[in-house]
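Which chain is which? They are A, B and C, in the order written, and residues in each are numbered from 1.
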């Protein structure tokens, strides 16, 4: 992708973000529950309520509120959380790394699982392995991530699986590190013990998130592989004496990866969206969990900031997918 | 002269369980060491099927009903998968018809040529690279080091065919199947490629099974030919002899239907319908004889 | 005349397509379960052994019939308030089904209309709709639905509105693409030549050809609606009241998972079966209708 195209893409995201912000802003102002009233002890006087409302600027007309918010936002100030009494930006940044790590591990797992299943399905095409893969995949495609999360919790409690189902880390451990990217930092610090605990905690939520994405990868990659295997260059490879396995991996896979990246790219955003519920179910302290609390508490500035954060993440993911596609396809490299 | 390839009584049919359509009806064909043998016929005559049967890449619905394909003393039809893989690319290779689709678009040229060198000759990366550059040079590709790093879509059709020719000769095979290697190319490029194949063949002494419908091509490169129609070999022998005096009426008809460079004023005559009908009748009789009730087409 | 539609169906018309549908194992299997679901939902009052709202604290946390401590009549056990789980599951099916059908219909209507308009009229209509779709797809769906329902107030109507408002893009994108393909077909050109107005062409010619696609999407959307309802009731934002929903039962079960795991297990199992069945049905429909459509 040329620099000009990249720039254009980035510029186009601005109106999208603007639209998102505006819609959310208006939506939240229609809210029936009164956050201010919820903050004060019952029996608080009208004056107190009015004063607090003025403090948060909620007594101004909507358009004015939005412009004020917009002006502040461009300057980096996203307001203060009503329920948590801290500024929104630092709150988001404190929890964002947890969600990013969760999403990353989930994506890696999904790619590994999906690719393996697709390869097995193609290697054993028209025989038992393919049928098994198709059947398993049918189930995986149907069940959403949050059901997997609940099933895993059941399995741990009822069947006695030995994995933790709550939190990001053992509550007895106390981490006071430089960043909130705990997994990354534990690797850098070569702290194997902490890394182990972190991975054990992230495993079940990550798998729950990964399974639906893996199913889609399997379906698309398998279809693309089959199509690649029907091409002339694969027949030429056979005529060179290469074995079936090597042909699938060396000749077909790289070709099949290209359409797979495009078609599964959108699913990545669903995975990130899924963190909201999965984090809740597993009590994992990321931005998803925080978002649900924010909604329950009618914390307008925080909700706003979090939705925008997700929107930015989605845009970044889409961009990354497009760049990956361009990198994989030699025809697009030199332009 | 010992035969490199000896096909005897090859019967091949395609399609349905109950009444498969006969494609090859008792094909006999022999190629000696270093011999360039043309398999000439119209489209649908079955010539491509001979090549595919030999290489083991028949379409799924095709069935070999009878016959042997002896290559270097081994029957290719009854070969195990592993043994076949050991031969393919090393002792026998293919120059394909369509250079545009025969190369993997996401792999570099050099890597694709190096496949057979690494697999069959066991060359390591460095040795393979050197050899690849030598091969590309041998097929007269300019700046072979740069081309080896390129991707197929950056090369013209003619250059891609040169690459495929280089790959075919890479392991010094005993036999190369050239399946209409010039048909998909521009006319000007066709001549160059033909010349190249002739040159490579002369240098390496490889036997070639040259499958084509073009008598002009046959005249330029093939020492011996077999004429095929309706899955039967109607005539075979030295190119010179047959060109001078064809013995089978079909061969004569074929010549009459071919435009000649040196006699442009000649009237072209299509193969007479009566002749075709006669040949079809003979074919059907053969089918009946083998399997009563299985009327051929 | 809508010739392409008639030609798209097998020669023996209606019976032919029914035969094709019944011949597909996914349609049969998935359809059977969905049919079962509908029957259970409709006959809930008759089928349920007990009143789903009836509490009996003496009989709380009874295990399912195959475990020790079970009581006869409470097949799947009882919850914290002594309510029969099987009856609650059955009545919750009603909620799920109602939400599924209404929400899917609403989503389909909004999405299809916008998709048709964008695909057929093109130019600025398309630009506007496409931009809308882009913005919409930048929202995290689960979070947005939670926000919407929180804003609109808990209740089934909010759930349905939330689903339709958030997921219409699913229909719109597909319909828009399909319409753009259809627009180039010959029969559209001939319809325009004959003088059918653009709107007539759209509804009379193109829409019937898009119909099979819509049916498949509808089945898919029903599955999504059921899931979203379950999510929202899990988070506590669906129906107020103790009227049972699968999601609500799961949420309750989550609280007491260590004492009575079955409270959570059964609604999860039911959800899984229903969702798989709907997916299977949709997949089978697509298999049957797709070759017919694309010939």
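Keep in mind that, in the parts below, contacts are C-beta pairs under 8 Å (C-beta built on N, C-alpha and C of every residue); 3 or more make two chains touch, one makes a residue touch a chain.
These numbers come from a predicted model, not from an experiment.
Listed by label, the chains touching subunit B and subunit C alike are A.
Interface comparison, A-C versus A-B: the higher count of C-beta contacts falls to A-C. Averaging the CA coordinates per chain and comparing them to the mean over all protein CA atoms picks out A as nearest. Distance from subunit C peaks, on a Cα-centroid basis, for B.
Computed centre separation for the pair subunit A/subunit B is 54 angstrom, with centres defined by C-alpha atoms. A separation of 24 Å divides the Cα centre of subunit A from that of subunit C. Residues of subunit B in contact with at least two other chains: none.
On subunit A, the positions that touch subunit B within their shared complex are 231-233, 235-243, 251, 254-255, 258, 328-331. Contact residues of subunit B toward subunit A in the complex are 55, 57, 85-90, 93-94, 96, 98, 101-107, 115-116, 119-120, 151, 153, 164, 167. Those residues of subunit C whose C-beta lies close enough to touch subunit A in the complex are 131, 134-135, 137-144, 146-148, 150-151, 153, 223, 227, 231, 234-235, 250, 254, 257-258, 261, 264-265, 268, 271-272, 275-276, 278-280, 283. Against subunit C, the residues of subunit A that register as touching in their complex are 15-17, 19-20, 23-24, 27-28, 30-33, 138-139, 141-144, 146-147, 150-151, 153-154, 157-158, 266, 269-270, 272-274, 276-277, 280-281, 288, 291-292, 295-296, 298, 303, 306-307, 310-311, 314-315.
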